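The same chain A turns up in both complexes below, where it pairs with chain B and then with chain C.
Moving on, here comes the complex of A and B:
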């Protein structure tokens, strides 16, 4: 089939209004929130139902054109960045909440429902959707499942995989299957769990049944300030060692505080080297003893001040600082590159020291704002994306940061996924046989490499160009191992 | 067949010496759906286990990984069954990182031993499969066998941070890391948790731990019907209370439980739930649960102290009949939306 015939077939499925092929329109979809790599698709389609997705998959399969799923495009590892020439399937129109069952604490949604919309809808009924990535106002529930997204409160409530009961997916064969079940004990292999976090390389998710979580009866939010980052890190591991499980425990370093205070005035002391934002939730009677326990640990680790938000407004202000942190980096640098290596919580202080050394070596500032309670780091390398050669250097600096995480017994990614961003480092994380079996399993699900090729697994074949115009073939030479 | 087995046994003896014990005298205790293996093999460590699988693979023998054997009543009979691969000699703790709330153990460790290890530091894996003295940690995870405590700690498979496994060809893989959050590559641990030994043999696991509650106590009330008890259970799950376990128990089970654990639940149908917390939170949760019970029409509210609660929790985790036996009983496990459970319970009762 020629290209015009192919486009016509897709048009027959979604209607003329919901397919884009003009270069200008295509370019708006050429990357996700990791903007240093680009790929222009051959077409963007916006289906509205599982059946339309199924037909799109069949057409692409017949014509050997790869498919890339895209939710809101807030991914930070290039997962939704199209392989040049592929068909991008965008879920903006599949945004319907299909069923809310308060009796059984679950909701059934289309993949494109925005995370926060479900929470907003259910909040007045005493429920919310627990996974809360900082991007929750924009990202989709299907995109969360594809990445197994986390968030500040997954310390207590778990990742997306703990909240998805069932998924309807379209396989590369065009078959529609249901993975998981409404109840807790689906028999057989946990394919639901295995497909979650597969970043669109196995199948396209079209609908999900997710758990709704009862709202906590009370919430206490506290801010502990430190004059040494190491003390803040030790506080985190000491709190974990006591066994207390806060709902959230976020760490922000000096540069982050400075950026945040310049932009929003969250009330973080500018002279602190680090602050910890700690939240407890549950029954007032259950969390009261934890409050004392946590205060004691902070004091033992030399916190310079400790305060508990007394009003809802004060609490929201403390969180606003955290939520606006990434945006605030804009005031101290033209661009930033956010990594998300994760380490055992007892290793936090050690890796942050290593990041300092790396930062000094590269002459690039690294700021830290992260889900400390999970050991889930977000080192941000600040840079000027217009300066020639700078992007390449930042990528190398990022690789060093990830290596430090691996050396500390950690992993490349705690929540953002591998995407195309970290596939080179996969060879440093896993040995050949382990990578080999992952590849075989992927090929078993997607024999023809139809689903989001060039992602997750090291791949010499599929190259994504750098946005800066640089010619760094990321997967080609320069392999470190 | 005899030839294949002979060459398998000989090559293993040459490879491994004492690191692998072979026995054909014990095969009777490894029967499965009426089939008896030709040999029982128990390797002493990971490397020896790799050699067992390599040699079995070369010889074309069908291998059945064997933990405590408590799951042998589940599933279809195997097509072929030559070698029972027992993990009984791999039951040691590898590393207990208490400050990171992580225990690394060999797969053949019993759940009870894991509980003892972590309990000494006031921590828990939150695993309560049936027959914890016999069930192994590896088997519990590979079968994803959760018990009543799932409402508090989540499913068994949620405990896994890292697994070391051996494939059928003898190759070793390690999936995951000693971190609580990880999306690096495909989630192989989830693929394996629930695979019942059909994909690989797990030899070592890193298990995520939690602080064990200071004290755990239970309350129960009687209800006139299963429907009424389930309705009260739904009221409990809709409340902000955090039960450690919550069970609806019918008359037959109530009668069977009493001699097993020395605790008499009020019938004909009981809703019983336990809570664990610091003193103040515990008293609050128990009081509020009693209010729910009363409001939902529960009678004869009974209070159990921590010792009774522990015995009751253990008995509830075991299937009826107490000690594991090759009895002829059929056990079903079903799950679905909460409000559908009474219908299932009723259908099962009628079918019986």
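Moving on, here comes the complex of A and C:
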């Protein structure tokens, strides 16, 4: 089939209004929130149902054109970066909340439902959707499942995989299957767990049944400030060592504080080297002793000030600073590269020191804002994407940061996924046989390499152009891995 | 895409003709401030309605960058997506990087206007509308009177009934606001004395369409100001603020009008320049930016912008006098985008309404979402506009209020139209009008000479 015939077939499925092939449109979809790599798709389609997705997959299979699924395009590892020439399937129209079952704490949603929209809808009824990535105001629940997204409150409540009970997915064969069940323990193989975090390389998720979490009886949010980052890190492992499980424990360093305070005035002291944002939730009677305990641990680790939010407004403000931290880097640098390694809590201080050393060696500033409670780091390399050669250097610097995490006994990704970003480091994380079984499993599901090829698994075949000398990819030659 | 394509583009479209390069072009540093995180997309009404990245703030900034860097020609598709922006600036509220999206899109539109191929009649009409009709009080009053005549006489039913209105006009005709009696279109008196002791002295900015169609709002504002110890001066030679022109890409016309207003109103001599329309307010706040590179007017414009103030902000700041409304009812407040997102005026209108002690203000879902009016957007992009209005009216219906308050003429016209279309018995009113009614009923104005 020629290219025009192929496009016509896709058009027949979604309708003229919901397929884009004009160059300008295709370019606006050439990357997600990771802007280092770009790929221009051959078409962008916006289906509105599982059936439309199924037909799109069939057409692509017949024509051997790869598919890439995209929710809101807020992913930070390039999971939704199109393979050049592939078809990008965008889920902004599949945004219906299909059913809410408060009695059984379940919601059935289409894949493109925005994370925060589900929480907003259920909040007045005493429930929320617990996984809360910083991008929750925009990111989609399907995208969260594909990446197994985390968030600040995952320390206590678990990652996306702990909240998705069932998924409807379209396989590369065009078959529609249902993985998992509404209950706690579905019989048979746990294929649900197997597909979550596969970053669209197995199949396309179209509907999900997720768990709704009852709102806590009460919440206390506190801010502890430190004049040494090391002290803040030690506080984190000391708190967890007491057996306490805060709802969230977030660390921000002084560069992050500076950026945040410039943009939103969250009330973080600009002279602190680090702040810890700690949240407790539960019954008021159980929170009180924890609060005292945490204050003691903070003081023992030389915290310079400790404050508990007195009003809901103050609490929201403290959180707004955290939620907007990444975006705020735009104010202090033209571009940033957000990494996502995870290390054992006890190694936090040591790893941050190593980052300092790497930062000095590359002459690139590295800022830190992360889910300290579960050791899930977010080092951000700030840079100028217009400076010739800087993007390449940033990627090298980022790789060193990730290697430092692996050396400390950590892993490549806490919640952003591997995507394109960390693909080269997969070989350092896993040995050959382990990577081999992952590949064989993927190939068993996606025999023709149709689903988001070139992601997660090290791959010599698929090339994604590197944006150099400008985040708008003037193609400086392919990136080989 | 290869580098070859860039060469083709550069060949067919020299850098000197790039609409996004030059002193008035979208600020490249501000474009780069966008880090492509996507936090803004769900705040954008057009993205929510259409689902396309190109119709999101992030996508539009990306498009501006593609054009500015010479990678894309500013073709029809580029224009379509940039034109579809409401300029509601909800994305600025959502943006964690502080990207000044409003000024980017307006600069982009100014650039596109230079290369846009408009037919002669359209060009003549735009020039007449932006540079002759809106700035002229006389012509506007004539137009207002004609509208009134049309609506209040048999002409309306005759033309409608016979189907004499051509295509697009027939579609737009019902959206026309109900023109007030011609007597309401009269100018404000040059000066109104405060009731009681004078504590403040302000200049009042009337606005063009506002003065004709919402003369009652302006008079209510002036009376309420007087009731709060404020002497109100109305400099007669003032003209249209230039907002509609700027939104439509004719920032040069806006600059001309801004200079006229700066000449007409010596802001330095007043505590504030007060006005009762959100769209105009946002424009006056931006005179400083608009004339930043004007050697003569730059500093005066900046000082003027510092003094410009929505009437609710002024009243809230001076501590508005409380009152009781003769008809205590449930009301909802719709935030005009240009107050909420552009000027971050959020609590002040509510404070003014709260000063009316016996009103029951109920929450309105998505009260900070654009109603689809957006200047002349409802005329140029009727389908999208009506989609947004539908969403808005759904929430109004759910709130079960008989009164919606909002402080912008465009929103008032749009929501009132939405109510008419849906057969809803809804009063749409500026907050200051309710305040004025409360003062009136309580006898605050007794014995005073007021407009």
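We adopt the following convention: the second predicted complex is superposed on the first by the 468 of 481 C-alpha atoms of A that agree within 3 Å, B and C clash if a C-alpha of one lies under 4 Å from a C-alpha of the other, contacts with A are read in each partner's own complex, and residues count from 1 in each chain.
In the analysis below, a contact is a pair of C-beta atoms (placed from the backbone, for glycine too) under 8 Å apart; a residue touches a chain by one contact, two chains touch by 3 or more.
Note that the coordinates shown come from a computational prediction; the quantities given were computed from them, not determined experimentally.
By the touch criterion defined above, A:182 reaches chain B but does not reach chain C. By the touch criterion defined above, A:123 reaches neither chain B nor chain C.
Within the superposed three-chain model, A:360 lies out of touch with both chain B and chain C [touch as defined at top]. Applying the stated contact rule after C-alpha superposition, one finds that A:387 touches neither chain B nor chain C. In the superposed model, A:31 lies in contact with chain C only, and not with chain B.
Of the two partner chains placed around the shared chain by superposition, chain B is the only one that A:344 touches, whereas chain C remains out of contact. The partner that reaches more residues of chain A, of the two candidates chain B and chain C, is B.
Across the two superposed structures, the residue set of chain A contacted by chain B and also by chain C is empty. By the touch criterion stated above, chain C contacts chain A in their complex at residues 1-3, 6, 32-43, 47, 51-54, 58-59, 62-63, 65-66, 69, 71-72, 75, 77-78, 81, 94-99.
Within the complex formed with chain C, the chain A residues making contact are 18, 20, 22-25, 27-29, 31-33, 35, 40, 44, 46, 72-74, 90, 92-93, 114, 116-117, 135, 137-139, 262-264, 323-331, 334-336, 385-386, 470-475. By the touch criterion given at the top, residues 101-106, 126, 147-148, 150, 154, 158-159, 161-162, 181-186, 188-191, 193-194, 196-198, 214-217, 237, 240-245, 282-283, 285-289, 342-346, 371, 374-376, 409-418, 422, 426, 429-430, 433-435, 437-438, 441-442, 456-457 of chain A touch chain B in their complex. Listing the residues of chain B that touch chain A in their complex gives 97-102, 122-123, 144, 146, 150, 154-155, 157-158, 167, 171-175, 177-188, 190-191, 193-195, 210-212, 234, 237-242, 277-278, 280-281, 283-285, 333-339.
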